[in-house]
Amino acid sequence: MGRIKEKFRELQEKNKAALICYITAGDPDIEFTEQIINCMEASGVDMVEIGIPFSDPMADGPVIQAASERALKNSTSVSDVLSLVSRIRSSSDIPVILFGYYNPFFSYGTERFAHDAREAGADGVLVVDLPPEEAGELGVHIEREGLDRIFLLAPTSTEERIEMVLENASGFIYMVSVTGVTGARPDMNYDLEDLVGRIKSRSDVPVGIGFGVSSARQATAIASFSDAVIVGSALIRIIEDGGTQRQEVLENISSFTKEISAACLR
Amino acid sequence: MGRIKEKFRELQEKNKAALICYITAGDPDIEFTEQIINCMEASGVDMVEIGIPFSDPMADGPVIQAASERALKNSTSVSDVLSLVSRIRSSSDIPVILFGYYNPFFSYGTERFAHDAREAGADGVLVVDLPPEEAGELGVHIEREGLDRIFLLAPTSTEERIEMVLENASGFIYMVSVTGVTGARPDMNYDLEDLVGRIKSRSDVPVGIGFGVSSARQATAIASFSDAVIVGSALIRIIEDGGTQRQEVLENISSFTKEISAACLR
Amino acid sequence: MGGNNRKYSCPDVGGHFGEFGGRYVSETLMPALIELQRAYREASEDKTFYEEIEYYLKQYVGRPTPLYFARAMTESLGGAKIYLKREDLAHTGAHKINNTISQAILCERMGKDRIIAETGAGQHGVATATVAALMNKECVIYMGEEDTKRQELNVFRMKLLGAEVRPVVSGTKTLKDAMNEAMRDWITNVRNTFYIIGSVAGPHPYPMMVRDFQSVIGHEAMEQILAVEGKLPDTLVACVGGGSNAMGLFFPFIEESEVRKIGVEAAGHGLESDLHSATITAGSVGVLHGSKTYLLQDENGQVKGAHSVAAGLDYPGVGPEHSYFQDTEKVEYVSVTDKEAISAFSFLSEVEGIIPALETSHAIAHVRKIAPSMSPEQTIVICLSGRGDKDIHTASSFM
Amino acid sequence: MGGNNRKYSCPDVGGHFGEFGGRYVSETLMPALIELQRAYREASEDKTFYEEIEYYLKQYVGRPTPLYFARAMTESLGGAKIYLKREDLAHTGAHKINNTISQAILCERMGKDRIIAETGAGQHGVATATVAALMNKECVIYMGEEDTKRQELNVFRMKLLGAEVRPVVSGTKTLKDAMNEAMRDWITNVRNTFYIIGSVAGPHPYPMMVRDFQSVIGHEAMEQILAVEGKLPDTLVACVGGGSNAMGLFFPFIEESEVRKIGVEAAGHGLESDLHSATITAGSVGVLHGSKTYLLQDENGQVKGAHSVAAGLDYPGVGPEHSYFQDTEKVEYVSVTDKEAISAFSFLSEVEGIIPALETSHAIAHVRKIAPSMSPEQTIVICLSGRGDKDIHTASSFM
């Protein structure tokens, strides 16, 4: 069983939704990314999504765009991220999902990437701009290496598309909470519950919800009907606000993730 | 016999070409125009052409354009010019030709203008932009009042046009020395002699040459084959250069016209 | 072209339209005008002349221009059906090229190797520089210094086309003075120079010739409206600066007295102010630039400076045939203010996605006044004389 | 439209041209792309859809545009006969309107009340704002902040047409980033918003749809050249930014392998410099803006900033079908530098009196290289994709 599936099983026993945290690798440098991940794990984060920065993050809001730009200032590459995963894996079993846009993976070489990602100890891959229709080329290698293929579903997704995604997905389904780009939002659309229900009635792959989660209140609400709470921009904002005060950033991340993690308990 | 004809007859006896001088009325004010005319007469000028300023002096070069603009600054009008003629006529018999563009005459009223011009003591009328084809309306009144109708001929004029002009002209023919606008020119086209010859073979109306005459040398050359030397821009330039030094202007005009007048002796 | 009106027979051989028109020019130019008149007459009798013009109008200028049914404008005004004759789509962006291409072909026939022109808005200057480039002629454009500033883009265009642009600093430094200066150049260089006048103004044969060359607008419009509506339009509307686009639209309809024709002049800041260009509506008869016509002038016969936000209407004279149409009531002349024109400029842009020239906007503004009280069975044809790219800076400073 | 090539059958149902194209977008957009694809297919089966497009192309855009024999250019180069397909005469001044009017009609059929677009040179933005005004839709245009500065006139035009122009300050602040931002808007407002993409780029069905809408250029050109020359042209030349004008000209000839087709990319400061936009000539395969295609990218798959003096070519990607044409050798791709383009800009202005867009000037520049060595029996058709009024300030600063 893969680490992701294992983790969901473990949390189900604790009656807790998984807290999955996203950060952009290399923002502002790869060493700090590693520290943050260690800190998050210590504060109750259940899985990490490591973003590979891209020059044209079409589906991201200003916060993650800015993180990408900072990461690209020092040319953070797929190789750099894979090394980071290896280092994390040498001391931790936290599930790691690699998250990004297709071109950097494509440029690295899809077969080589899948192989190296598995070697480094990654567990799943989510490519934002790779819907099932285009996912074959990378997917075949990912699957062969035994990594999970994580897909997005959106409020706009039709029944047909849910079907198609479920046929291809493993690990979990990343349910996008809104029609919109990434970014913390004070309010969320709780009609999501219905959509999650529709997914769950067809498959037992776990469903996580992200795009906009920024408070314990939201996390509690989401945790009540889904398998995972995914937080991204809210964390990036802490990194951004902290600037060079790295110790302070780590403390803030720690207290923020602890609070959200607690809220994930049902 | 009109004053113009009389003057040509008189000068023929002296074996001298007429010196006809042009100035713009009201440049820079009408009183000074009167002083200049008196000064010119005293210095040997045989006839004066008084220019009525116009806003759009299409056939004039920059010097006379600027004179017009100065004259229009104090709204010098046809009435003002007619009063000026009356004043000159009260003390002098110098032939006076009114010179201008058609619109101010038209605006004054053609019949009224012809009448008032004769009353004031003017002798001839030359309207730059009124070729024989359009001259009828004003011409009929001018003729009725016994004033001379002076026309232009140009180096471009064809035989037909010379014919047409000669049929309508009286007083003298104003032969334009160049294809071009008014303005003093260092060099002139002495092929004019041939053209003048062609005119003289058909009519005994005197022929004067203007546009560009600015030196005694030129005057002598012209006087040798034509009946009148017409000077304009060169005088205006003296007025312009003198600015507010009116006494100096009068002295310069006096010495300049004396020199040209002497050159007109054959 | 222009010759299909049997009853209407102006001008006479001397270029007179009733009391208007004629050739009020210095003797130096008379032979040139006579030569031009003769060359034009000879060309008019030569089929190949019209074939050449037609070739360039079609292949180079992009004619015929559409007669576009302005559905959104019609619905927004809620009255007569409005059609736009799309001269804005002609090469260089205005009707001016219809005339310049034709005169340039005549110039070529006459063997002149130098072309000059005056320009106000710069549209005629660009259209002239364009055909001079095409025909490989030396080209000098006179433009009032004021206008070179407010129509800077067009100055660049002319230079790029290889023309020399001479800013005119005399007088009011606008179109009127540019025309004086062009005349002076012509007087000086008359032997090798062809003067392309940009409107139905100037001495004979220009008003007639430009009328004939612009009549393609009205001929096409007539054919087009008959094809879609099956009847003649009720009303024609065009702006009037010198009057060439209006003449081009109106002339083929001149004997159709049931077709109302409205020329729209520029009222600038208002007719009661002294800042306008409403020559016919508020002027009086006089002589300027070679012809007798309505003029803006003072009590001494001095020509007054005109004003309009539209540089191409900023002219104190008007084509003499318009003066004749005014006195014979063949055409009605009205005026609209700068403000109304600017509002119409935005209106057409927003409603139809067509940015009209500020000149043209005067015609649009008048139609906004009359269309609502007309019936939906009635039709109006507007001469959309040019596009407004050149005016965007000017207009935006007012908005 | 675009469907007359029996043998050529790209794209497949998923929008692939061989390995290129596809739909590389976030899940949120997939349903919208599928909905658009379905709506386009349905419209394509409806005669009234094409009738409506044809109506607007003729009456509003001013089609057909002439195929003008450039005699002076031909003589000056002394080789092949050169014809210019005059898209500069289309409403708003470039070929872009062929596509925007057609997409706007589709938008209307789909009942969307909001239109967005990205723009580089501003031509597509103006063409979009124009049709949004005509169809009475809310309109937002994304434009890189850099481009809002160098194409200021077009910004004014868009605003005047009632569109909101949002300057994009992320990334390189040019077209690429404007497209990112437009995609983000679409992701957010997908339910009521129609995204009008301005070239044969983006996810399926855009490359196919824009190709079909622009094919009117090539269809007309084919008919026109057959009418005057009695045979197909020897060579077609067009500039390639996203590639829509080139596609529009080439596509109807795509199965005519004896007709040479040359796409001209922007070499900027030279291919050896890093300042160019020669995506096909000097790029490598990748994925950007929803499709797989040639790209300018670094060794890590990060997209590089492009450079061209022509804002409309300043794009690091290219339509995926062009990538396919490159790999299948249906079209040759070459590049010319900023300098060559600027020189061609002056050249055409002076020789033919036609000021081309700087984008188009790239095509002209290449023809200057190849025409002299061709024979006078051979013909070249250039897509004169747009007029250069918008570029005069830029160009004059280089001259």
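Per-chain numbering from 1; labels A, B, C and D assigned in written order.
One rule holds in what follows: contacts are C-beta pairs under 8 Å (C-beta built on N, C-alpha and C of every residue); 3 or more make two chains touch, one makes a residue touch a chain.
Small disclaimer: the values here were computed from a predicted structure and weren't measured.
Where touching is counted per the definition, chain B and chain C have no chain in common.
For chain B, the chain whose average C-alpha position is most distant is A. With each centre defined as the average position of its C-alpha atoms, the distance from chain C to chain D rounds to 35 Å. Centre-to-centre, using mean CA coordinates, chain A is 67 Å away from chain C.
Taking each chain's centre as the average of its CA atoms, chain A and chain B sit 97 Å apart.
Shared interface positions of chain D, i.e. residues touching 2 or more other chains, are not present. Multi-chain contact residues of chain B (touching two or more other chains) are absent. Shown here, the protein chains touch in a chain-like sequence that does not close on itself. All chain pairs that touch, listed by label, are A-D, B-C, C-D. Chain contact summary for the complex, chain A toward chain D: residues 54-62, 65, 69, 72, 75, 77-78, 101-108, 128-131, 133-134, 151-158, 161, 165, 176, 179-181. Chain C contributes residues 14, 22-32, 34, 170-171, 176-177, 180, 183-184, 187-191, 286-290, 295, 297, 299-304 to its touches with chain B in the complex. Those residues of chain C whose C-beta lies close enough to touch chain D in the complex are 58-60, 62, 65-69, 72, 86, 88-91, 93, 129-134, 136, 153, 156-157, 159-162, 345-346, 349-355, 389, 392-393, 395-396.
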